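Reviewing the structure listed below.
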Amino acid sequence: MTILVIARHTFKEAVRDRILYLLLFFSFLSIVLARVLAVLTVGDRVKVVKDVCLASIGFFGALMAILIGTGLVYKEIEKRTIFTLISKPLRRSEFLLGKYLGLVLTLAVMVAAMTLISLAVVFLHTFTLEIRMLSAVFFIFLELLLLTAVAVLFSCFSTPILSSLFALGFYLIGHFSWGLDTLIRKTPPGIGRTLLRVLDAVLPDLENFNIKTEVVQSLPLPPGFGLGAAGYAVVYTAFVLLLAVLIFRRRDFV
Amino acid sequence: MAGKTSLAPAALLLLLGGLAGFKVGLDGMPRAKIPGAGIVYLPSGPAVKAAAFGFSSLTADVSYVWAIQYYGNTAVPDRRRHFNRIFEVIADLDPSWIDPYLTAALIAHHDFRDPELALKMYDDGAARNPEAWIFPFEAGHYCQLYLRDYERAKGYYRKAMDLPGAPPIARRLFANAAFKTMDYQTSWETWREVYETAPDREIKKIAGNHLYNIKAAVDIAALNAALERFREIRGRPARGLDELASARLIAAVPKDFDGKDYLYDPKTGEVKTAVIPWKR
Amino acid sequence: MGNVLELAEVRKSYRPGFIPKKREVLKGVSFTVAAGEIFGYLGPNGAGKTTTIKCVLGLVFPDAGTISLFGRSPLDPRSKDRLGFLPENPYFYDHLSGREFLDFFAQLSRVDKTERPGRIDRLLRLVGLEKAAGQPLRKYSRGMLQRVGLAQALVNEPEFVILDEPLGGLDPLGRKEIRDIILGLRKAGRTVLFTSHILQDIEMICDRVAIIVGGRILSQGRLSDLVSEKILFTEITLAGVDEASLADFGDRLQTREGRTLLKVFDETRVQPLLDLVRERGGRIHALVPRTQTLEDIFVDTVARR
């Protein structure tokens, strides 16, 4: 399948990107420094280490997704390599999805690396392998799937700098949904409130992928939550990718 | 290809509906509430400020909004644990922002029923903003209204009334508090100031009433002491206030603020004012 | 044998940035490319050559007009199966080696797995890059990139090859090699469309030609129809005859080291001149009939517009 050919090629190219390794280095640094942070805090130390590790994976993973994702399509257009590609029997949608898949594979590898280091650091504290952390990483990865799709979407029509800002905006909006909640509760019932409710349903709620607290405090998740969150991620990602394909399809490559 | 294009908007709408559906479903699922509700650790104020990269004010805003939501959520138990720290962080981020201190005091009072904590919030605000009249002002009110502690209220009002921009009522509240703590001298002097510098008749009247009250209180206290002394010496209650004067227990019979006489009822031994002060 | 490519009244305008003013690049372009021919597409810079090609490839969407590639829309992947394309100033993925690069495009072109290695070897041999096949493209010179690009265009053994300035930046030897490859393609029954500034190359190998200027096709047709075989003048270099005698044959251009260069406009005067030289015992050093060249037509067409 041509999508896989593009994906494999994108993976090989992304894996060579220096930014990736810089970010990986910093994530390792922060994970290792979790130990130091634990000393400075007012809470349970082991929990702090776990929390910082998961936060690092989430944060640096998001940075990777955004920084590389926003350049993905733009580079091909800018460097004109896309001209030769389009002359082959390759649908534009296949090209785009192949790029997305390639980056997702790259992120999977990076996240796996960060997770291994995290498990090692936590192991040094608790002398057990905290498998529970893997479920948190799974959810983080779901978030990265969506974030990558958003980065690729913006990459289709905008320069890397602007795309990064937009994608970052998406990330911030996604994590501050509780602000909208407060606003909705304070708004008197009426058209305004209904509009806000609609907005709330449609704007991304990335906190649905944040089960750090549950994992760190060893709390149970409500039944069906995993499936629900996965479903949310898949549907939202599909939505964003479809949008990207539609925009990409009608674009003139000047 | 053309067929695909017409399907696309429908597919988009379908997906949009799908994700909204999932979101609503997920919102409905209750996530466990735990003590501290997810605050595993709190960095210190200076640390957060450093991490805010110059966006301290914005970070303070966001933290404040979050804190309100957090403390407004009565379902979360044990919110008290990090209360100090949270508001300390907000204060470190934006020390001159008034609202958080005031809100914190309210939370301390209403949610935690801890007056000293509430006053601490006001004091923190005052410590970081020594020129702000609002903090001792609000603290004075708090002492007066909730604690009925006029002594402390007096202290707070004293601080507030001299700070730049303080409303004139601060002075009057101070005078009133002084009266309530029986510091008649201070009260008198302050009310005299108010009386002299009154900008309108209303204030002058109020000040006048207070002055009347103070004089009456002082005079009546002195008269009562003299009457008591008279009874000890003569073995009987005085027949009139002038008896006290002739007995040289008082220098002269005092008149009230308006120059009128006080009323003495020999049968009950009570000294009263001729008029009700507020109805002069 | 039908037409491989047909364009009819193709128009394209661009709106640079957010400015509402439109810039018309193609103002109604129509031409056809028949199977088995070498078609030259020429025009000055900015005339719309590359834009036309982008429309044909589906990189850019025309505002009006129709394009039919093997009887199908340019957006249909099936038409791409039989197409090969080399862009102008090719830029490829730096980190891939020549062989990896061709393998990637072979995969995209749906070349069968078993066929791939053999075909890649053949193509590398054809463009003369066997030795450099293992090096990363980053290290290739401009000429080498051009060759590997050509190899890529041929990786699916296409019936129709589009080459945008394939001879640019090559030395004369390189140009000859590419020209030979293009001629070889025609011999194998393939169709070639290429753009070039180098008119001599077009003249040398093209069957048909279209000239585009300012977004419009000003001239198209068989090269032999466009360029008349009429002899404009004959240049003769001779020695041994004095200038006075030569005067009424034509214009004397120069005399150097005893040799005279003469420009004879009247064809009928050539033979008498040759007789005269033989009579006087002189020598003819050179005789060059100058016909109308493509360059003449081109300059004329552009100037007339």
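A few notes on this one:
We call the chains A, B and C, going by the order they appear; numbering starts again at 1 in every chain.
Operating definition for what follows: contacts are C-beta pairs under 8 Å (C-beta built on N, C-alpha and C of every residue); 3 or more make two chains touch, one makes a residue touch a chain.
Keep in mind it's a predicted model, so treat the numbers as computed, not measured.
A summary of chain positions shows that the Cα centroid lying nearest the centre of all protein Cα atoms is that of chain A.
Compared with chain B, the chain whose C-alpha mean position is the greatest distance off is C.
Chain C has its Cα centroid 49 Å from the Cα centroid of chain A. Between the Cα centres of chain B and chain C there is a gap of 91 Å.
For chain A in complex with chain B, the residues that touch the partner chain are 37, 40-44, 47-48, 51, 176, 178-179, 181-182, 200-202, 205, 208, 213-214, 216-217, 219-222, 224-225, 228-229, 231-232, 235-236, 238-239, 242-243, 246, 249. Considering their complex, residues 2, 5-6, 9, 12-13, 16, 79-91, 250, 252-254 of chain A touch chain C. Within the complex, the chain C residues that touch chain A are 14, 54, 57-61, 77-78, 80-81, 83-85, 87, 89-93, 95, 104-105, 107-110, 149, 152-153, 156, 162. Put simply, chain B touches chain A in their complex at residues 5, 8, 11-12, 15-16, 18-20, 22-27, 29-32, 34, 38-44, 47, 62, 65-66, 68-69, 82, 85.
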